[in-house]
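Same chain, two partners: chain A is paired with chain B first, then with chain C.
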Partner chain A sequence: MSRRLLGLTLVFPALAVIAFLFILPLIMSAVGAFQVDGAFGWGNFQKMFDLYTKDIVFTVVIISISTVLIGIASIAIGGYLTLGEHPVAVAILRWLYRWPMFIPFIVVGQILRTFLSKNGMMNNVAINLGLLTPIDAVSFLDWRGIVIAFVWKQTPFVALLVAGAMASINRETIDAARNLGASRLRVLIEIVVPQVGTTLTVGLILSFVTMMSVLSVPLMINAQTPTMLTADIAFRVNSYGDYGVANALGLISLLLASSVAWIYLRASLKERS
Partner chain B sequence: MNASRNPVAALWWVPRGLVFGLMAFFIFGPLFNLLLWTVAEKWYFPHSLPLEYGFSSWAKVFAPRGGAVESLTNSIVVALLTVVVSLLLAIPAGYALARLKLPLRGLILLAFLIPQAFPNLTVYVNVARIFYEIGLNGTIPGVVLVHVSHGLVYAVWIATAAFSAIDVELEQAARNIGAGAMRTFLDITLPLAAPGLMASAIFVFLESLDEFTGSYFVGAPDVNMLPLLLYTAGAGGNYQIASITALLLLVPSLVFMLIVERFLKADVLSRVGH
Partner chain C sequence: MERDGFLELRGVASRYGSTQVLSDIDLSIAKGEFVALLGSSGCGKTTLLRLLAGFISPSSGEVKVRHRDVTHLPPDKRGMALVFQSYALWPHMTVAQNIGYGLKLKGVARAEIASRVSAMQAMLGLEGLEARKPQALSGGQRQRVALGRALAIDPEILLLDEPLSNLDARIRLSVRHELRALQKRLGITAIHVTHDREEAMVMADRIVILNAGRIAQHGSPEEVYNRPASAFVAAFMGAENVLSLNGHPDGDAFMLQAGPANEATTVQLAGRHLLPGAVEARFRPEAAHLFAKEEFLPRRPGVAFRGEVLAVAYPGGHWRHVVRLGDREIMADAPQAFSPGMRVAVHVPAESLFLFNSPTS
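Up next is the complex of A and B:
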């Protein structure tokens, strides 16, 4: 058996699972998006844009803001772990930053719902410290709550990947730049970050698509309009049994997610050529 | 020199302390809040802390009709089966992607990302329809299969990274002294990749434990899982029950968080997605 055939044979079972349990139902839902009362047509999309244009924009904005914040935070954490000069401070950060990583989204939704609400713990602490008067306390359970939940949960994952990649960078260039008098911030931006670009992109893309798929966080933190597309899909199915519009919304999310995946694919192809 | 540097160095602890303190508040504050809810008997506006503490909600959750024991057992059984099936699929696939020349390797790697790249809600609706036809709907194997399709990206990507981090020369040395391909794989490659594979198993286990949407459409109401119990309790405004269920989901997550770095080394991490 040729090596190429052997390779394909070994990959085949895993690919078959994806094909039958994901791609087939995906096609079924894509076809369903164009089906109106048994005939093909654009009706579902018309209805979707009439009802949910605001939510599509809302979803894109929320997830983009979250992705940017996650990227900045994980570069900051990874950078401090790599370039930090005080061993105790580095150890504290290493111990601190990872806690939210494996906390399930549904748990994140539940704990932030009680933490960020108008009379939740965050406002209570601020009031008790005298930073806030009870009248000025506002609930963060809107778009800010979703962004906070996403950044809270996803940053440790991306930071772990980024810090791992930074740790395997050749130390000599960093030390040489430091000896020549470059500040740590400059070393981070000009030497360290460019070398972990691929890992950072992979981490952010995984985060982006994860956030596109999360249903529990928008449902638990902000179910009023405007809301995320996932909450709209669940609403269409549960309240109206309207699979057509739900499938159309799903197709829009696929386009958004695959445009991001396309960026990764192009970057990795460029790297290999 | 030293005398002038030390106070400055000590001063650095002011901004550090502020940043770390804020981070700690935002990370542990919500978790502490959750713990308070699990033992709060009475807690209402405008009180910052519960008025009465007690364990009556725990008794309710673990009562025979509370549903927690059944949900917990189901969740763990499904997660363990998901890990076994995922690794059986991911080990050969990861080895092939790391070591053998494959056409369209980048596309194949990307294919495993598809289940993470699509809001799975509509997909699971259609999966439920297919499973209903073949009698898998509302069964443990059905839920396991859905979780496998979702967790495969972690299993395959990390397994691929783990295999490609192994020095090829070790395998060639074994082959040179007469070991067969299978023997080399089982005695050399697999043990060396074990920490990475363990890490991918952890990711898959947690991904399965966390999974909500698929379990809801394919499992419920016959197969009850912990996330579903948490969601219905929270939606019904019963924050005590929701918080206790959340805590049950949290414990394995935190334990794994503490040990994952032992398995996921930098040389493997830097290869994820390559």
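Up next is the complex of A and C:
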């Protein structure tokens, strides 16, 4: 009995931190989403859908495109690290690909702002190389900029997980496919990727959830509408003090994130059974 | 060994960094032959197999199949299929997909793949398992799927990398015979890497013994067993008892001088080449015969030693004795037990006594 008590005492501080700093605010904000002028109702959601339906779709589309591109890029990087036959190129890639992980989102936004703008470095280089006339130069500081920022920042993280998983699969399964005549691309797609599917999914889901919560990138790169939900939440709170609609938007973000987590849970349960 | 080879290796060498893994490998293998590459771990046998398969390029030398140079061809252009030690089945594919993958890569029509896969399953006793994943198979079944996957593409040469080492001891014995029977029935050329002497003896037409990256000897199982070319091969093939003797050749015979445990005697050279001086005598425990008194020694060619029994144990079928001969201890088997402390005479028949010039002489 006293041992049980001791155990509970030991867990209590951690439990209290989670309960008071995480679960309680979450519940409060969820409840707050349904409160209009002290009474319960759907008013906040009505307002939210009137004002921000486009932004919800925009957010889902942007993050989905980014997730797909991150998946492709990290498979390509992991695949080259695993199957590449040029040791120097593999070593360079291994050294290089992790760097963006250590750069904060706000700095990524800053860098890409100067790189992607109408007279930014990308267009300047293209113009100097004669690939583009100055008149055709366009700014990428819109949805494309956000996608580029997300992919650039999140690919290393997923690639790190995927490359680790690829390195730990049985090399002989790769040799066996090559022995039967599979090209390296087929080995990657048909032999290697299916064996790291779970890791890839976990990485992409974590990435998806991270991107759902990034505020700096849409603020820095996409100063126009439609924009992402995080920017809308900040705007509702900072400019109007409208916590009701902000909470409703937050709840939608949570639903989006947890739906992805649910897909993952279902897939992993299926795999186990 | 200059027969017209179907698969030929000439002067093959391989280095890994600064380590010479293989050197001067010359080998000629006939069509339909079953060759075992035998050696202890680290002798280069798996490297040689991977080199044949095309996963590594030799640092020098050439590999030819039907007089065609395949030294630098990719793995799939050599007409060889490899069965891996770990089986390397693809865990995300079913048995049927595993077996049919090679055919799918060759662009064979789907219906044709299905019929070839089911024929392969029938041949290997895998009927009804086509929808299973490898995790749901027993070790023996996995091994057969790995074999089926290799055989499905109809290779001319089957490479086997210790395919039996992950099986239970009892299954292994029956799989040896099944694999050998299958190889004979298909008439396929097989190269089998193993560190198991008995497995090589039972399965192979010819055994190639590798030592430190070189071919120590090759020949039929009885040749390497009964006429080992070097002290290494003799020891590897089970002649672990070793005695140091002195002698000199005299015509067709070799005169052994009296030593601490033996009288002077002669043995026939029988084609062996020995220089005068110190020789290393090797024999198997089962080749030695124990006698309680020297008068009982048989009158057949051989060498007799005087010794004392130190220990006796019963490993099954016969009694195994540790006997001290002079300053050496040897093992000798006998149908009945001699108790420790007994003085015995040990007789080794001439044909079972392997003599080699000692490296120092």
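To be clear about the criterion, the second predicted complex is superposed on the first by the 251 of 273 C-alpha atoms of A that agree within 3 Å, B and C clash if a C-alpha of one lies under 4 Å from a C-alpha of the other, contacts with A are read in each partner's own complex, and residues count from 1 in each chain.
Rule of thumb we're sticking to: a contact is a pair of C-beta atoms (placed from the backbone, for glycine too) under 8 Å apart; a residue touches a chain by one contact, two chains touch by 3 or more.
Just so you know, these numbers come straight off a predicted model, no measurement behind them.
Chemist: In the superposed model built on chain A, check whether chain B and chain C fit or clash.
Modeler: With chain A as the common anchor, chain B and chain C both fit in the superposed model.
Chemist: Touching A:P25 in the superposition: chain B (first), chain C (second), both, neither?
Modeler: The first partner, chain B, only.
Chemist: Is A:A167 touching anything from chain B or chain C once the two structures are fitted on A? First, second, both or neither.
Modeler: It touches chain B, and chain C stays clear.
Chemist: When the two structures are overlaid on chain A, which partner does A:K270 contact: first (chain B), second (chain C), both, or neither?
Modeler: Touch status of A:K270: no partner.
Chemist: What's your read, chain B or chain C touching more residues of chain A?
Modeler: Of chain B and chain C, the partner in contact with more residues of chain A is B.
Chemist: Just chain B (first), just chain C (second), both, or neither: which does A:D175 touch?
Modeler: A:D175: touches chain C, not chain B.
Chemist: In the combined three-chain superposition, what is the angle centred on chain A between chain B and chain C, taking C-alpha centres, to the nearest 10 degrees?
Modeler: 80
Chemist: Per the contact definition in the header, classify A:I191: touching chain B only (first), chain C only (second), both, or neither.
Modeler: A:I191 sits against chain C, while chain B stays out of touch.
Chemist: Based on the superposed arrangement, let me know which partner A:V17 touches: chain B (first), chain C (second), both, or neither?
Modeler: First partner only.
Chemist: For the superposed model, what is the least distance in angstrom between any CA atom of chain B and any CA atom of chain C?
Modeler: It comes out at 8 Å between the closest C-alpha atoms.
Chemist: Which chain A residues are contacted by chain C in one complex and by chain B in the other?
Modeler: none
Chemist: Which of the residues in chain A end up touching chain B in this complex?
Modeler: 3-4, 6-8, 10-11, 13-15, 17-18, 21-26, 28-29, 32, 86, 89, 92-93, 96-107, 109-115, 119-122, 124-125, 128, 134, 152, 160-161, 164-165, 167-168, 198-199, 202, 206, 209-210, 212-213, 215-216, 219-220, 229-230, 233-234, 237, 243, 246-247, 249-250, 253-254, 257-258, 261, 264-265, 268-269, 272
Chemist: Mind listing the chain B positions that touch chain A in their complex?
Modeler: That would be residues 9, 12, 16, 20, 23-34, 37, 45-46, 48, 89-90, 92-93, 95-97, 100-103, 106-108, 110-127, 129-130, 145-146, 148-149, 152-153, 156, 206, 209-210, 212-213, 227, 230-231, 234, 239, 242-243, 246, 249-250, 253-254, 256-257, 260, 264-267, 269-270, 272-274 of chain B.
Chemist: Can you tell me which positions in chain A touch chain C when the two form their complex?
Modeler: 170, 172-173, 175-182, 186, 190-191, 194-195, 197
Chemist: Which of the residues in chain C come into contact with chain A in the complex?
Modeler: Against chain A, the touching part of chain C is residues 53-55, 74-77, 80-82, 84-86, 88-92, 101-102, 105-106, 149, 153.
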